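Have a look at the structure that comes next, please.
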Amino acid sequence: MIDKTVMDAASAVAGIPDGATVMIGGFGRAGQPVELIDALITQGATDLVIVNNNAGNGDTGLAALLAAGRVRKIVCSFPRQSDSWVFDDLYRSGRIELELVPQGNLAERIRAAGAGIGAFFSPTGVGTSLADGKENRIIDGREYVLEYPIKADYALISALRGDRWGNLVYRETARNFGPIMATAAAITVVQVDEIVPVGSLDPETVVTPGIFVDRVVAVGSRSWLRDGEFVGGVDLEGRPVDAGVPA
Amino acid sequence: MIDKTVMDAASAVAGIPDGATVMIGGFGRAGQPVELIDALITQGATDLVIVNNNAGNGDTGLAALLAAGRVRKIVCSFPRQSDSWVFDDLYRSGRIELELVPQGNLAERIRAAGAGIGAFFSPTGVGTSLADGKENRIIDGREYVLEYPIKADYALISALRGDRWGNLVYRETARNFGPIMATAAAITVVQVDEIVPVGSLDPETVVTPGIFVDRVVAVGSRSWLRDGEFVGGVDLEGRPVDAGVPA
Amino acid sequence: MTRISREQLAARIAADIPEGSYVNLGIGAPTLVADFLPDGREVILHTENGMLGMGAAPGAGDVDPDLINAGKQAVTALPGAAYFHHADSFGMMRGGHLDVCVLGAFQVSQAGDLANWSTGAPDAIPAVGGAMDLAIGAKQVFVMTDLLTRSGESKLVASCTYPLTGVGCVTRVYTDHAVFDVSADGFAVRETFGATVEELERLTGLTFNAGR
Amino acid sequence: MTRISREQLAARIAADIPEGSYVNLGIGAPTLVADFLPDGREVILHTENGMLGMGAAPGAGDVDPDLINAGKQAVTALPGAAYFHHADSFGMMRGGHLDVCVLGAFQVSQAGDLANWSTGAPDAIPAVGGAMDLAIGAKQVFVMTDLLTRSGESKLVASCTYPLTGVGCVTRVYTDHAVFDVSADGFAVRETFGATVEELERLTGLTFNAGR
């Protein structure tokens, strides 16, 4: 019997080596697999290259991983946020490397890795400093820049529900990078609110088929939904609700 | 109020000019928008370039469009089928042009058109006659061939249900090319079994968001489901059930 | 000289967005435009983090951490909404399917170049997000901005000195003083909120067409 | 000389597919392999027209025209199945996510080149479908074929004379006479169904490693 479920978050992140490239899902806090990241901090892997849209929020999740000094380099589109003080400090003091990628190129490069595309010509970033040194080509009268896949050793993502085959459904805009990161990593690790029996997810609505998934762990409601209360997120203005004390 | 629904199949295919490139959804018969194709035959447009995975089955749908002499060229991956006698005859007598594309390159080229990708390097077809004359490149030790987008003036596709915004859900493997063709055509025309009120499709399960859709027409159950009976399809061996007399 | 408020400007932009449009409103001031779309006019808002059919902000008690916009603010979903992943969302943008996006700007050049993601300051933390994808992807790129910076420099320029977001991508610039079209021979004044073309030229140091 | 039947060959291939594998069975004979997967062994079948978790053929009265395999035959969906569109399906293949595909062949060369889509006959109607994507995409490409054509020619060849499907892509060839691995220095006999290596060499005109 296929069973990709694992007992706890520690088992889920077991084996991630120092120096690994790790994709971490989420857009800001939505979809960020905080429990997996916490387990990764405990697990101890360091010198990591992290791929995420952002560079951590507040002091939890990805921000805590950065604060623990485990990240050598981050590949992202938008590190600067109202609550990215951990990254800001590391970056300003030269203790972290940044590869800034326009968000759509980031997404498409991740998808390309998962879909076996060797490289693709994107119109995004043409003529800007983020295309410096990249190959350009005019196709059908329009200028494009050549972009290469981004693949990873591991992906850590968050979904709403999964089954033991690894089929996943997501919730609202927390879907964001999960489905594409799942395709682009050698080993994809997923935290879900709930594991459901095989056959209970409608085949028409499965967003990530289990073929892309290696380990699934149920974590219950995520941290910022604890006890049905919204904690650790942002308010209507995008400011952190329980920001804590900046590092 | 946004209302993309149109009264009948004739209104749905109105305006398709002679010489147009028209994508037609479906894999064999599954997902083939037969009612729209019938309306296109009546509408009269000719000298068409058709993009479809196949080249018609039996004497209905795409096969009937071919038989009516309206198609100058077909772009597809698998024209030869047990019931492709209409195409076979046209091809052997030199009355139709064929561009044969490996199925995955066909799908990815259609997606690329919809996603604004200028071109992409594919490993599929490398070293084969279908890559003859195409640009090759070795990336990260593997050989790729450069493939360009396929876009269309119109796409005619079939879905299960749609709303007046054009949001669509599909049924089983009839989904096939519909979602990507919808993105790649200037005007996307959809036949659905049923039009449902806006808000009745779960936002988590919408496969084609309405942004890609221009016209929606309800046709009721499709031809080969007429009166709940399976007609015009293939049997367990893939042979046509009501093949009729070969042309 | 007459200037309009940020809210008036948002209303002015909203008036130019026809029913049935698919629209992305950038982070910051452009978000205001949503509040001025007339009741009953169906305009479908896209947020690049993965939704079409975005609705207004929820009540403070109804914030859902999984349902946010590109600025990471809480939003709602309208009936008819759809969720999708990032590659699909940016494919939608890059593929030219959005009718309009409204973006902020540091500078817009006469050629329609946009600079809105970096001032190039050496100690600044760079962050681009989806700005470059929006700039090159939408059928029409509207810029919403004050005409002048706080220190009185024109944001309309002969050529951008800040790092570019996109080349030749801006369709129209809505400012607190006037609305400008980007035309083949520079900015054309489309509408002013009281200022004369001569006054606008003095403020910006540019030469304008009088517009239509 | 001992040969095994097509059903025996399908069973032999099925025995080599471990639980948990994601497998695509090509049109024609390879489809038979599904019938010989042991009860209780969970192997997830992919059909490139857009499904994982494909089940067996339905009863004749339960044919569903929307639910077919790549050979356009009626199939069923298992609990745990998922549907997806063609770009996603072929991304899955091209991206190397399938563990095994089983394909038919006209010819397989010592270098692992596969020819299975065209005999190059001038009056033939060419049709390639997903064969080229499967050939380059799956982690292991198994070929299922008779060793000899009806006219007695070897399908294992020094180099293919028919149009190629893929270059250096075949992992292993299961024939009615023997199983061959494609190795760095040509075919290695992995297992025979009675024939000696010498007999196989005589039939094919090739020189083999004795294999493991």
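Order of writing sets the chain letters: A, B, C and D. Residues in each chain are counted from 1.
Here is the rule we use: a contact is a pair of C-beta atoms (placed from the backbone, for glycine too) under 8 Å apart; a residue touches a chain by one contact, two chains touch by 3 or more.
Nothing here was measured: the structure is a model prediction, and the numbers come from that model.
Averaged Cα coordinates give chain A a centre that lies 36 Å from the centre of chain D. Measuring from the averaged C-alpha position of chain B to that of chain D gives a distance of 28 Å.
Measuring from the averaged C-alpha position of chain C to that of chain D gives a distance of 54 Å. Residue positions of chain C with contacts to 2 or more other chains are 51, 77, 83-84, 87, 90-91, 93-94, 137.
Shared interface positions of chain B, defined as residues touching 2 or more other chains, are 108, 111, 115-117, 122-123, 170-172, 203-204. Viewed as a contact network, the protein chains fit none of the simple shapes, being neither a path, a ring, a star nor fully connected. The set of touching chain pairs reads A-B, A-C, A-D, B-C, B-D, using the touch definition from the header.
Of all the residues in chain B, the ones that touch chain C in their complex are 1-2, 111, 113-117, 163, 165, 167, 183, 198-199, 201, 203-204, 206, 209-212. Residues 27-31, 53, 77-81, 84, 87-88, 91-92, 98, 100-108, 110-111, 122-130, 170-180, 207, 224-225, 230, 233-238 of chain A are the ones touching chain C in the complex. Across the complex, chain D meets chain B through its residues 47-51, 57-58, 60, 63-69, 71-74, 77, 83-87, 89-91, 93-94, 113, 123-133, 136-137, 163-167.
Within the complex formed with chain A, the residues of chain B that make contact are 108, 112, 115-123, 137, 139-140, 142, 144, 148, 169-172, 202-205.
Residues 19-20, 22, 40, 42, 44, 46, 51-53, 77, 79-84, 87, 90-98, 137 of chain D touch chain A in their complex.
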